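For reference, the structure discussed in these notes is given below.
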Amino acid sequence: MSTILVVEPVVLPNGETEEPYLATVKDDETAIRFVSLPSGPPSIETFYDEAIAVAGMLPLIATGSDGCDAIVVDCMADPGVRAVRELVDIPVTGPAEASVALAMQLGHRFAIVTIFDNGGPWTELQVRSMGVESRLAAAVGVDVPVLELETDPEKTRQVLLDAARECVERRGADVIILGCTGMFPVVEALRASLDVPVIEPLAAAFKTAEMLTRLGLTHSHRGLYRRPDPGKHLKRR
Amino acid sequence: MSTILVVEPVVLPNGETEEPYLATVKDDETAIRFVSLPSGPPSIETFYDEAIAVAGMLPLIATGSDGCDAIVVDCMADPGVRAVRELVDIPVTGPAEASVALAMQLGHRFAIVTIFDNGGPWTELQVRSMGVESRLAAAVGVDVPVLELETDPEKTRQVLLDAARECVERRGADVIILGCTGMFPVVEALRASLDVPVIEPLAAAFKTAEMLTRLGLTHSHRGLYRRPDPGKHLKRR
Amino acid sequence: MSTILVVEPVVLPNGETEEPYLATVKDDETAIRFVSLPSGPPSIETFYDEAIAVAGMLPLIATGSDGCDAIVVDCMADPGVRAVRELVDIPVTGPAEASVALAMQLGHRFAIVTIFDNGGPWTELQVRSMGVESRLAAAVGVDVPVLELETDPEKTRQVLLDAARECVERRGADVIILGCTGMFPVVEALRASLDVPVIEPLAAAFKTAEMLTRLGLTHSHRGLYRRPDPGKHLKRR
Amino acid sequence: MSTILVVEPVVLPNGETEEPYLATVKDDETAIRFVSLPSGPPSIETFYDEAIAVAGMLPLIATGSDGCDAIVVDCMADPGVRAVRELVDIPVTGPAEASVALAMQLGHRFAIVTIFDNGGPWTELQVRSMGVESRLAAAVGVDVPVLELETDPEKTRQVLLDAARECVERRGADVIILGCTGMFPVVEALRASLDVPVIEPLAAAFKTAEMLTRLGLTHSHRGLYRRPDPGKHLKRR
Amino acid sequence: MSTILVVEPVVLPNGETEEPYLATVKDDETAIRFVSLPSGPPSIETFYDEAIAVAGMLPLIATGSDGCDAIVVDCMADPGVRAVRELVDIPVTGPAEASVALAMQLGHRFAIVTIFDNGGPWTELQVRSMGVESRLAAAVGVDVPVLELETDPEKTRQVLLDAARECVERRGADVIILGCTGMFPVVEALRASLDVPVIEPLAAAFKTAEMLTRLGLTHSHRGLYRRPDPGKHLKRR
Amino acid sequence: MSTILVVEPVVLPNGETEEPYLATVKDDETAIRFVSLPSGPPSIETFYDEAIAVAGMLPLIATGSDGCDAIVVDCMADPGVRAVRELVDIPVTGPAEASVALAMQLGHRFAIVTIFDNGGPWTELQVRSMGVESRLAAAVGVDVPVLELETDPEKTRQVLLDAARECVERRGADVIILGCTGMFPVVEALRASLDVPVIEPLAAAFKTAEMLTRLGLTHSHRGLYRRPDPGKHLKRR
């Protein structure tokens, strides 16, 4: 039995976690625990949102992860994943990193269909920091805010399908990654309409966390992930 | 319940598969089936070995994978993985690809400790074809033939440890990938002696195959993986 | 006459800004204004420190930059530079980005001598996100905490000199960038001992901000820098 | 006088080698010898075809190359070129590698017009493994099977011309490489219609083999090309 | 007070330097000196033009730069910048290098609108030699010869605007760099019509030269810039 | 019968061309014509030398190449190769480009042993402009001026051998390229002492020129190589 902490790096607009969805994804022997922000952005659509969200989630990690075997940060920006790795000794996964790692094993070039136009260059920066920019076919925004993805599911499905088809038919993609973990409700409909694999990033990050737990693997603190010293933090005199 | 076909792309020298090891790795709900070469190389140490092995394993796929949910090719050269993907609709994983995908999520730069000196450039070619050469710290051979890895486990452990330490302390690696699926017996000993994660590639490929099965994901035949037409093959008149 | 806001993304340990140094760097027609964190880290040495610092500095930007012509963030991690650009219409510079842009015009490959060992991979990530990793010769840590750089200036000078010489003589660097804006007190001593240019990053960022002001150039909000909507941020109900 | 072995890695559908064409290409002092597969694919259009072909051709090398000065593998997939280099001490060329090496000396970016859609990503993998992906403008399939290239030469010429024009006029190519050695009959017609150089890959590989012979150059067995030990191959007990 | 030498690497068609423009760009404490070619090309549109121009300008450097604090070469090809750096100990800037260094700090991907179609690949070569090809969105020619840029300013403005819009709206650019220092008269008009920053390269190079002067930075002769020995040059006997 | 123009982009110190050497390299049906500089550098060791040399050689091309079938520029800097291609319709080869194109077909990573320390970064720039930097193992200078290579052949052989061994044994090179066309006298001695191929660049460029002639291939003027208009060149009024 293992327990995975899912960090919602947002204020949940209606207080509901993605527990029902993850219940369909998780192994029987996995328990899930959730934490979410007490205050901050309800969605991460800018670097500003991300910065506020990360500072809000870091204080939740020590207590929240106590007794857990892995941590999943539930946002495609992989917000704070590096800082969380500094803090803990258990594996930490992010939806973007985990999705890209899977996409590399399913096709030649992946595309990411994301929220707004700024998501294109933002995604390129993420993919470049992973060092796999040569595998990225395209990253395109659909101009639907995160919180409206669920408002009109049929519209969401249609704009994502149009964007994905453009990526497949004209930009050379043979794998699609959904660019927001809030897009999971339409993944099956998209799979039914496309002849390439469609990766839902929250499930990718969650299953990768489970896998790392089973494999007994985690990052070390030798290289990039130095242990922080929160005790040095001050108040101005 | 799902069944995974493990393809041993070699003639098993003493007829024994890696079933005992994989039994410790697999999920309870996973069954394993094995096929191995009737004739060919007992180990893959050159492109010549690989070519003979791949042609020997491809005829085993159609029957061998019948009723299976995923395929794992048990060799770090990922021999024939692309051709097998052309032939089937279930996910196919290779130890090199799966290990690298995990390593990217555990550290900044990985190193691969492999068999002979030709393994260095060979590994570079593999990593470059995945497009992640900027994440590779080093690939070094230890000059122990595959079939001698088990002959003197203490020597194997020592030369691998020396090579891994060189990669960590002087070449900037913060993740080690074992460069041969025959090195699994010493992975725990190496982990005990190193302060960075050590990835055993057969387990990585196996668990990734399980994960893809659970996620309902496989490659498509739209892009790189055209369906072959074995019926066109001829004998010279 | 123009005014540049220098953001100290730390709690100033003794309350002193780098005003005396910047007074020797600035143009006559430039005025400087400072803001610093009321609480948070006194130095940024981990991603954790950076995250806390950025969330602390963002609320200072709107008021702090009122009437200013440019913003400089005084830390080599370029913390929050992207988020600040989202918030404002005036140019925003960071010491890492500005130093690298200068180094590209002074030599073939630059090296960065930084604080701790995690600074090596961290710097590589920064340089890769700028897309100029082929110009980076090396990034090496000297194992002196930021706040101790001034404690023993002679030791600081010596370890930086040793690290820089290693980069020049054995790693192919022909330009040195100091890896922390707190290293400015020793830059002249290093220049006297090395036959390659040594870039002090705070001065680089400050003069680049002045230059952008004179050139009438700033980023746009069309691409990467979407305007944030702080009004959407919530408290959990 | 030198002798070049041309390996046809296919079952020749009508038993005819490309001797008449190569007679127009070769130097006077060059003799040509041919070997072809006794059984296997009549054309290489998938990784499956390639794998079967390579295993069929390798046993022909030792005897076939006896007394020869160089080897040319007559297929744009460069099938088995690395394994053949392991086996011999004389130079071995492949049409893809030789064509790309020439294209780099004739223009800024080359395009490859190939057989099917899978040829696009396949070609990208080849070019990436050579490390010259930044010189590739495009790789596009024309959807004509290899064995039908000669069926309707006018159609072949037209679809290749259309594809090449698309690459030149809209994708930035200033050199065209034909993507199959079976396209040689239309190369002159294409040259007459295009204002950029058109490289016929079999001739490129053949003349490069001649050149290496004259220059006394061949690969070594120090790096990538370890000598195989066919004697270790087994039959299952 | 500092003096900057502006090298016009052309025969000025009507004898007029760009002094009036630079007077609006320079700091009060900067004086400008000009040299131009006595004979050679009136504009640099080919590698041939560039070669003749560079050989014509190098003999002007020693005397021309006497007493100067920095050198600017006024042509987007950055002609002879490396050779001039070999000759002198003061900083030397080129419009292409300086513009790209600024563009990297203003957006995600820049585009360069240049003179003729050969400017596309030529620009790619320049950007690749700086190592920042991943930041280049596009480089497109407008088919107006350098000397005709001023003939019909409205046409110049219109074709540059069309090209820039294509780069921004369809090629992903969020920064525009003018591809010829002769385009400065239309930069303000372009800025008024585009919602992304537009960099005028002569001003970028000039202000960067001023900045380097203020920072006390110049290249060294240790790495790329070996001191030449003009005394070894001969006449054929 | 074909005629190849060999351009010596230097003042030949003792008036002797490399005709005796090329006589051993050329095909029987090839005639050679030589031109050399009337004045300028006797060797190209800096960008300054190169610039003077190129301007001196361009006026020799039109007359010199009249009736010729190809042009070889005899210097490892490939000086003026692009400008010459603009001027003519016959193939033009350079020793660096031709050597690298061959090296890519003989091994995994090549090293270049060159003249002075500035040759390291200079070579990197050349290789990067070809787009094959991932194939370069190292470029190292031996600190022997070009004109002294022949003074003490035994010393030349020894320093080149030492540098080549360092590249092979510690830097991962499996192909050596001589970094100056004046090193040809020691190539056979080096080959006798090294177990990797050693490429002599003048022969590589010459044989590639012959090959292009036989293949009927040359560059086009569509892309990078715009036809220059020498008629527009002026004298200052």
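Worth pointing out:
Lettered A, B, C, D, E and F in written order, each chain numbered from 1.
Methods note: a contact is a pair of C-beta atoms (placed from the backbone, for glycine too) under 8 Å apart; a residue touches a chain by one contact, two chains touch by 3 or more.
What you see is a predicted model, and the numbers here were worked out from it, not measured in a lab.
Chains that touch both chain A and chain F: B, C, D, E. Interface residue usage between chain A and chain B, two copies of one sequence, is largely shared: over half of the residue numbers at the contact are used by both copies. In this assembly, the C-alpha centroid of chain E lies 29 Å from the C-alpha centroid of chain F.
For the pair chain C and chain F, the distance between mean C-alpha positions equals 43 Å. Chain geometry summary: the mean Cα position of chain B and that of chain E are 52 Å apart. Shared interface positions of chain A, i.e. residues touching 2 or more other chains, are given as 108-109, 120-121, 125, 128, 131, 133-134, 172, 174, 222-224. Inter-chain contacts occur between A-B, A-C, A-D, A-E, B-C, B-D, B-F, C-E, C-F, D-E, D-F, E-F. Those residues of chain D lying in contact with chain B across their complex are 11-13, 15, 36-43, 45-52, 54-56, 58, 80, 82-83, 86-87, 116-118, 121-122, 125, 128-129, 131, 222-230, 232-237. Against chain E, the residues of chain C that register as touching in their complex are 25, 27, 91, 93, 97-98, 100-102, 104-109, 130-135, 168, 172, 174-175, 195-197, 199-200, 203-204, 207-208, 210-212, 214-215, 217-224.
Touching chain C in their complex are the following residues of chain B: 108-109, 134, 172, 174. The residues of chain A lying in touch with chain E in their complex are 120-121, 124-125, 128, 133.
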